[in-house]
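Across the two complexes that follow, chain A remains constant while its partner is chain B and subsequently chain C.
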Partner chain A sequence: MRRILAAALLLLPAGAHAKDTLSVGMVLEPPHLDVTAGAAAAIREVTYANIYEGLTRIDAKGDIKPALAESWTVSPDGKTYTFKLRANAVFHDGTKFDCGVVKFSYDRAAAADSVNAQKPLFAAIAKTECPDPQTTVVTLSQPTASFLFNMGWGDAVMISPKSAATNKTNPVGTGPFRFKAWAKGDRVELVRNPDYWGEKAKLSAVTFRFVADPTAATAAMLAGDLDAFPLFPAPEALDQFKADKRFTVDVGSTAGKIIMSLNEAKKPFDDLRVRRALAYAIDRKQYIDGVLSGFGEPIGSHYMPGDAGYVDLVGAYPYEPARARALLAEAGIKPGFAMTITLPPPGYARKGGEVIAAMLEQVGITAKLAPMEWAQWLDIVFKQYNYDATLIAHVEPRDLGIYARESYYYNYKNPEYRALYEKYLAATEPAAQADLLGQLQRKLSADEPNVFLSTLPKIGVWNAKLRGMWENAPVPANDLTSVYWAE
Partner chain B sequence: MGFDQPPFWRYLAWVGRFALGDLGTSYTYSVPVSELIGERAGVSIPLALMAITLSTAIAIPVGVAAAAWRGRPADAGIMGVTQIGVAMPNFWLGILLVLLFSVRLAWFPASGFAGWGGGVLQGLRSLLLPALALALPQAAILSRVTRSAVLETLGEDYVRTARAKGLGPAAALWRHAVPNALIPVVTILGLQFSFLLAGTVIIENVFTLPGLGRLMFQAIAQRDLIVVQDLVVLLAGSVIVVNFAVDLLYAALDPRLRHRGAA
Partner chain C sequence: MKPSLAIGATLTGLLIGVALLSLVWTPYSPTAIDILHKLAPPNAAHWLGSDSLGRDVLSMIMAGARNSIAVSVIAVAVGAGIGIPLGCLAASRGGWVDQAVMRTTDLAFAFPALLTAVMITALAGPGATNAMLAIGIFNIPVFTRVARGAALSVLQRDFVMAARAVGKTGWAIVTGDVLPNIAAVLLVQMTIQFALGIIADAGLSYVGLGTQPPAPSWGRMLNDAQTYIFRAPLLAVFPGAAITLAVLGLNLLGDGLRDRLDPRLRGR
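== the complex of A and B ==
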């Protein structure tokens, strides 16, 4: 009997001693780990600030902070940026970080054959030069107000020429954590980088585990298998966690805008009346209450409440089904018109699809729901533009620029908007910038290229003893550089 | 890729590469499929073995006991419990086990697989709950099959003869009735083992285990067709191998089958 007890004790978890490891839950697994070659937010949630760093970085508050650039100066015309680089930064594979790396990274991202998901960020760069190894001079073709912010995005991180080709499976950066292993479908493991140039990470090892099922995620947190779930997929279980002293529940904001994208290249979505009708037909409050458990703010344009230059346009399209029906009739859409809404895996889309289909039914539109996995969604909707409508959260910060692109998946091609955006990019005065930002938002609200629904809340649950987790997510990231366990 | 070749040739080329162990490269992960399947088999095969061992260890004694106590309250009790076991879906049982042993008591992890790197015990610990969730419903079916098979042999002439020669009821049961009842039991076991290898999809999702079932699920969802194709062939192959092993076991269990050709 005693032997059985001893064996049973061995099966129990090891006793409590000072913990310096962390296991973090994530709903989605990244398709690969090269942040400069894919749009998936999951890549950033593993690698941003942990493995890869850029010249600048965006901190928990959404502010621009120096990273691999120690400091910088901007020329009076706003076109020339001179960066002073960190002298002691080294890549995980031993490659030295210097201006050659900066030039390589920016040239590669801007190149014609670049696979960077945010290539337009680099379009303004006319040339990158190296007067000496510790200095980089970037010349822009036109002043770009958001340049320093843009260079803090995951897409603008520094890549070693030696490892550029293999970063997808073996990411190499300059960050405070090194990549250790990736068990596909299960986990990615990182370890502390002992040769980090700055303050070393307090955690010795980090495991990102992929738990897609909300029930399994809840159980894994309650059982203590996971220490943190920064984007927790089961808002309905939050009350249980709030009542439990072992956990901290954090409801913060992201840069995410949940929208119903419409394919303007397809009839009848090219018709402004139809797009407006859809905007009148959807009750944003009901969507937020029913789908996001009330966490989320309605939006009237592709811009976050609280960001510089925000204009409140939520009232532009109140919930008025009668008006929607009238507009549809005017556009020649007969009751019973069928459209398909493609739904990627997150709850805001899968649950949201049901809610929105029920609302559209009220105005005589039959919405067929087509649930898809990410890979399929990225291919069919994002690459091939082959869809009617889709529910999606755009998590990139301050991304009004996507409506000025030559070609993007919702096919909004408006010369007036583009002209406005060019003007905004060229504006250097803060007041003029804010004014143009307001005009851009009003133009989007008037054209309603997509139906703007809600902000994407960041619902995080983690161990109450954990310190230094991001409360908000201004960029998609799980920055663990200053996370530690309180005694 | 050989797309200029006729489909038949491409098929033959694929079969040829498959036979040589080259399973191709996953579209999603850009790594060799054999590597993916190898990683996952390290979870699924131990899980299936554990489940089948538990299931057998529970079902045979219970089934034999129910047969021996036929008609008594204990038999009725066992039959009642096994009826619940047959009716209970394994994923539901899995959720209940997690609620009790992981969330409430915190004895076992609720999800994930610790890996074999941290020692065999750590690995077994993370597999015990899913193995139980798989094993109990199977044990319920198996014990009912065992009971009816043993009841049948208990009514045979040779058992009565053994009893008439003075053999005790227990000895007659274990020496004569049970060995002769094993054929249907082994048949069901073989079917269950095949099911366990291929059919753990739901349990692996409930427990977030990186096994073959979950790989199959993810591969189908992500249209990673090369992985689906390889897995289907491998699982079909393993079913054939298990069936063959069961056929060999028949011969070992029943001498009459061994000598049929000679007779």
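== the complex of A and C ==
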């Protein structure tokens, strides 16, 4: 007996194989986990590609790749897409994936009572049909060049009809990881899906931990409590990580645009002169140097440098406090005018608020700063539209469409912009599209519904032995499907 | 004058002087940023250097002193304003009034003060006003106890008996005979609570529940300095030293005053 015990003890070290679990730090906790029912990027950062998958997917480079659709063909008029579906995909709840699921998911997202945050993406779909269970035919009302890209967004993932109602707390998808547990305020745990249709995940378990405080994030990384922090909140501590061989530091790009959103439904932000004055009063360079430690590019509109059709409008509102003061005086704003800037937890907002308040003070505006927790911000600012101004990063790629919406939290209601956007959606020629994209950006710059500040850098820090992490974030995601530990 | 009293009085005088001076003058605006000159070490232009946004540390410490004092003074005023009358009431009435007041203060003492202040500000929302009230509420039972204990012993004294004998009653005795005789004890307690208030304010601001940005506060300066601890360690030293010196000064002052004013300790 004793010998058996000794043998068993000897076996233990041999059995302790290479690490195959991962803990990932995130600044913001998702409000819930249903990617088809909320705009918060944090939902995607936990679930996209890990739990939920769509017909197509967007990879680390921003390219469109097949996911639950094995392949597809497009009709010559650009209106009909025929998808061939994976035969062996099964949801975590046991539901088989077939064309019925595709039809259910798309119809649900486009329905009148849909709560999908990107509902306009589905507006182009005229009908979804199932000639056989492994084939889906989607007919569009007008050709939409970005359709395959759009269907790769988190908002367009496949949802099992059986569990659609409970995805907020118990997300069910077809992905390589299954949801295990969510300790609110602390962590979400995922485990490998042994029945995945494709190449199985190399990690056996993943924990997302929510650490909003930059100092705590730095400490947790240094102590090894966290293996990776893909959107690291303390750029000022990067030098320390760069000097440390245990870590990889990656500075990449996101599709994120940091803006100071203004509520046009509130006076005096309905006045173009006031909005322009705010744009002249803010020195983007100082903001980027002071808040983002220099990582970030100034933007002049709601569009990323480098994206198709980009127009450089950064110079439209140079830093000219005198001009800002003159415009404010013209609009009848007295020195000492007080406004509140609502600040969600990330550093670009919390620290950025202090920088912007100091700049606004120079032009006679007293900015009161109102820090808020993420859930509170989503409710008060994003849902109730109850705010003056806020600092926020919009991380969806090529999202000029949000300014054409009937109702959105900055209350920018401009018929000309909407007409332009309609024209852009209908355009098929790349040259015409690029031209219209330019016009849209110029219109936004001229109207300055929000003050456009900077691109959101993707500053990632992770263990040097970790492989397969995304270097850029073309869409908000922490795709862990091919992440593994090097020996 | 004992040296401790002298040092305490000097430090406290300096603290109040700096805070008063900051009302009319600071080297720079404490909120003015200058990103080009961020994280500068102490130099001729910025005597204590500049922080991560290029703000002048000396100006922030001066303005921070003002905020710290404002929070502590109001917290002491709230505590003393409610606690002392309650304590005197308990002492002079006795009986069930005494029991009710004292058991309530016992209950209040059962909660860790700073933790509950965190809870109050978390519930009522962060901000200097709520921090003042939260710290103030926890000063109430302290002053109640001290005032009651001191008042009880004074109430036994012959001159109070004499006052009673000539027909003085209730509040007339408390205000005319008791309060002047316990004022010294209360004054000492005020300096101690003042010091605790500065620590509590720094603690609340450190966790983001006290004075809100952009208004400078020592606690938040410490928090901001943390991330730069390896690049600019002095950033943490200055607000830390300010808190230490302010609290040390007030404690020495309190000790010195007690030695001087407490009749039982006099002449020892």
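Throughout what follows, the second predicted complex is superposed on the first by the 470 of 487 C-alpha atoms of A that agree within 3 Å, B and C clash if a C-alpha of one lies under 4 Å from a C-alpha of the other, contacts with A are read in each partner's own complex, and residues count from 1 in each chain.
The rule we apply is simple: a residue touches a chain if its C-beta (ideal position, glycine included) is under 8 Å from a C-beta of that chain, and two chains touch if they have at least 3 such contacts.
Treat the numbers as computed from the prediction; the structure is a model and nothing was measured.
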Touched partner set for A:T215, first chain B, second chain C, both or neither: both
Touched partner set for A:G353, first chain B, second chain C, both or neither: second
Most chain A residues touched (candidates chain B, chain C): B
Contacts of A:L369 with chain B and chain C, given as first, second, both or neither: second
First, second, both or neither for A:V115, with chain B first and chain C second: neither
Chain A positions touched by chain B in one structure and by chain C in the second: 215
Of all residues in chain C, those that touch chain A in their complex: 29, 31-33, 35-36, 38, 52-55, 126, 208, 212-214, 223, 226-228, 230-231
Complex contacts: residues of chain A adjacent to chain B: 10-13, 31-32, 168-169, 183-187, 209-213, 215-216, 219-220, 222-225, 373-376
Chain A residues touching chain C - in the complex, by the definition given at the top: 214-215, 218, 234, 236-237, 239-240, 286, 289-290, 351, 353-355, 357-359, 361, 367, 369, 371
In the complex, chain B residues that touch chain A: 28-31, 36, 39-40, 95, 98-99, 102-103, 106-113, 115, 121, 125, 205-208, 210, 214-215, 218, 221-223
